[in-house]
C-alpha cells in the first residue's frame, strides 16, 4: 500500500462496465420472459418489468424498455396477429439487446416481440379450457337443452351502449310481422380481462329469475376483433355450458370461434344475425300455423271429395248389384221353365217308348208262345206213329219168337228125324204105365204107326 | 164235348197217350182207340192254336190302326 | 169164338203154352193138342196185329192230310 | 171302369202281362184274354200320355206368353 | 194363399218339382198337377221379381234426383 | 233414429248391404227392404257429408279473415 | 281450458290434427270436431305470437329478494 490506490471516477467505472458489456453482448438475443407490467409512459415509451418464475417464486428479474417507435410497430403487429393488445401478465418471446446506461443501469432493450409465440400461448389456454369442459362432460350441456318453440322472453347480456345491443333490439322489435318479444338487459363488460367475471355475474342473476325467460343472448358489437380472449376463459365457459336456459351468442367477430361460442346453444356471428335467427324461429312457428288453414282446407276438400267418390261408387255398386241380382233370378226362373219343359218332354218320351216296347213285347211273346206250343204239338204228332209202329213191331217180334218155340216143340218135328213114340193103351210108357210081357204096344213114327206085342221087359235103371 | 175241352187239358191228355204208348202201357187191343183219341186231340189243339193266333193278330192289328 | 178172344188173352195163353211145354209139364200125349192150340193163337194174334196196324195207319194218314 | 184306372196301375199291369207271357206262365187258353187286356191297357196308357202332354203343353205355352 | 207364399219358398218348391220330374220321381198321373203347380209357382216368382224390380227402380230413381 | 246414426256406421251398413247382395245372401223377398234401407243410408251419408262440408268451410273461412 | 293450454302443446296438437286430416285418418264424423279444434288451436298460437306477458318490474323485484 506504498502507492496511493488508483481512484476512478464513477463515470470512469460505469463507462468501463458499459464498454465491457457492449463488447461482450454486441448482438441481439431471443429471450422468453413474463411481462409483469407494461408501464406505458406518457411519451409513449414502455418500461416493462420482466420476470421468470419457478413454482411461483421469482428467480430472475430485469427491467425492460421499448422505445415509442418500436412499441407502435410491435403493438400494431401483435394486435394484428393475436387479436389482443400487449398487456400486463403476458409471457412473450422478445428480441432484446442488452444495454447499459451509466444513469439508468442495466436493462433489456426490446426491439421486437414474436406475436406468433403469444398466439400459441392463447391457443393453449383455449385448448385447455376445451379439454377441461370435455373432461367434465359440459361441452354439449347447453346445446342439449330443448330450444323453446317460440323464443319470446329473452334475457340480454350486453353493454348498454353497445351497438350490438341496439342492432339486436332493432331487428327483433321492428319486425313487420308483429311478433312480440320480451327483452330485459343484464349489463356486463363484453371484452377485456374483466369481461368473463362480469358476464358470469349476470348469468348468476338471470339464473335466479330463469322462469321468466326462454333463453339468454350475449350480444356485442362494434368492439372489433381485439380483446376476445376472455371468451376462452374456463370459468365463463363453464357457466355458459352448464346454464339452465339456452344461451345464444352474437359476439360479432370473424376469427376462430371462442370456446364460449362453441359451448353456447347457438352462435350467431353478429347480433343482427342472432335477431334474424329469432325472427326465423317465430316464422317457424307462425308459418305452419298459417299454413294449417291452407293445409286443412286442401285436405278437407280432398277428404270430402274422396268420401263423395266412395259414396258415389258404393251407390253405383249397390245399384248394379241389385239389378244383377234381379237379372240373375229372372234367368234362374227362366232356366227352371226350360228345365221343366225339357224334363217333362223327356219323361213323356220315355213313357211312350216304354209303352211301345211293351206293345211289341206282347206281340212278340204271344207269337213265341203260340209257336212254342205248335212245336210241342208237332213233336207229339210226329212221335205218335213211330211209337205206335214200334209197339206193333215189338208185338210182332214177340209173336214170332213164340211161334218159333212152338214149332221146335211140335213132336212131329222129332219124329221127322227118325224118332218114334211107344204107347201102351194110348199112353207113353213110364213108371205109372209099366209094360208087361204080352202087352200090346203101338209105335208111332213120322210116317207110320206100328202095333206090336211085348216079348220081354228089362229095367234100364238097374 | 170235344169243343169244350181246354187246350191245356187236350195237350196234357195227348202227351199222356204218347208217353203211355212209348212206355208200352197200352195194349194192342186199346191201341187203335188211343191213337184215334190222340188224333182228335191233335186236331183240337191245332184248331185252338189257330184260333188264338188269329185272335191275337186281330187285337194287335186293331192297336196299330 | 176165336174171333172174340182178345189179343192180350190170346198172347197170354200162347205164352203160357210155350212156358208149360218148356217146363216139361206137358206130356207127349197132350203135346199135339197144345201145339195145335198154340198155332191157332198165333194166327189170331197176327191177324189182330195186322188189323190194328191198318186201323192206326188209316187214322194217322187222315191226320196228316 | 177302364177310365178310372190310373196310368201307373195300367202300366204295371201291362208290364206284368208282358213278363208273364214272356216267362210262359200264360196258357194258350188265357192268351187271347191277356193280349186283349194288354191291348186295352196300352190304349189307356197312350190316351193318358196324350192327355197329359196336351195339358202340360198348354200350361207351358201360357207360361211363355 | 198363393199371394202369401214367399219368393224363396215358391222358388224352392219349383226347383223341387223340376228335380223330381228330372229324377223320374213323379208319375204320369201326377205330372199335370205338378206342372200346373210349377206354372203357378213360376208366375208367383215372376210377379214377385217384377214387383221388386219396380220397387228398386223407383227407389234408385229417387236417389238420382 | 236415422238422424243419430253416424256417417261411418251408415256407410258401413250400406257397404254390408251391397256385399250381401253381391254374395247372394239376400233373398228376393228381402231385397225391397234392403234396397229401401240402402237408399236411406245413401241419403243420410249425403246429408252428413254436405253438413260437414258446410261446417268445416265456415270454420276455415272465419280463420282466414 | 283452451286459454290455459300451453302454446307448445297447442302447436303440436294442431300439427297432429293437420297431419291426421292430410293422411285421411279422420272419418267424416270426426271431421267437424277436428277442424273446430284446429281452429281453436290456430287462434291460441296466433295470439301467442303477438302477446307479451312478462313484467320487468316483477322480475326486478324477484331479483332483489
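Lettered A, B, C, D, E, F and G in written order, each chain numbered from 1.
Following the convention adopted for this analysis, contacts are C-beta pairs under 8 Å (C-beta built on N, C-alpha and C of every residue); 3 or more make two chains touch, one makes a residue touch a chain.
Only a predicted model underlies this, so the values are computations on that prediction, with no experimental measurement involved.
Visitor: Counting C-beta pairs in contact, pick out the pair of chains that comes out on top.
Guide: Pair with the most C-beta pairs in contact: A-G.
Visitor: Could you say what rotation angle superposes chain E on its sequence twin chain F, using C-alpha positions and rounding to the nearest 5°?
Guide: To map chain E onto chain F, rotate by about 20 degrees.
Visitor: Taking all residue numbers at the chain B to chain C contact, is the shared part over half or under half, that is, same or different?
Guide: On the two sides of the chain C and chain B interface, the residue numbers are mostly different, under half being shared.
Visitor: Among the chains here, which has the CA centroid at the largest distance from chain C's centroid?
Guide: Farthest by centroid: G.
Visitor: Nearest whole angstrom, what separates the Cα centre of chain A from the Cα centre of chain B?
Guide: 108
Visitor: Where the CA atoms of chain D average out and where those of chain F average out, how many Å apart are those spots?
Guide: Distance between chain centres, rounded to whole Å: 66 Å.
Visitor: Express in whole angstrom the distance between the two chain centres, defined as the mean CA positions of chain A and chain C.
Guide: 134
Visitor: Taking each chain's centre as its mean C-alpha position, how far apart are chain C and chain F in Å?
Guide: It comes to 129 Å between the two C-alpha centres.
Visitor: Could you check chain E for residues that touch two or more other chains and list them?
Guide: 11, 28, 31, 35, 42, 45, 49, 52, 56, 60, 63
Visitor: Note the residues in chain A that touch 2 or more other chains, in rising order.
Guide: Within chain A, the residues that touch at least two other chains are 293, 296, 300, 304, 307, 315, 322, 326, 329, 337, 340, 344, 348, 351, 359, 362, 366, 370, 373, 381, 384, 388, 392, 395.
Visitor: Could you list each pair of chains that touch, in label order?
Guide: By the stated definition, chains touch in these pairs: A-B, A-C, A-D, A-E, A-F, A-G, B-C, B-D, D-E, E-F, F-G.
Visitor: Please name which positions on chain A make contact with chain C in the complex.
Guide: Listed in rising order, the residues of chain A that touch chain C are 381, 384-385, 388, 392, 395-396, 398-399, 402-403, 405-406, 409-412, 421, 423, 426-428.
Visitor: Taking the complex as given, what residues does chain A use to touch chain G?
Guide: Against chain G, the touching part of chain A is residues 148-150, 152-153, 177-182, 184, 205, 208-209, 212, 282, 285-286, 288-289, 292-293, 295-296, 298-300, 302-304, 306-307.
Visitor: Under the stated contact criterion, what part of chain C meets chain B in this complex?
Guide: 6-8, 48-49, 52, 55-56, 59-60, 62-63
Visitor: Over in the complex, which chain A residues touch chain D? Could you list them?
Guide: Going by the criterion above, the answer is residues 337, 340-341, 344, 348, 351-352, 354-355, 358-359, 361-362, 365-366, 368-370, 372-373.
Visitor: Going by the contact rule at the top, pick out the chain D residues touching chain B in the complex.
Guide: 27-29, 31-32, 35-36, 39, 42-43
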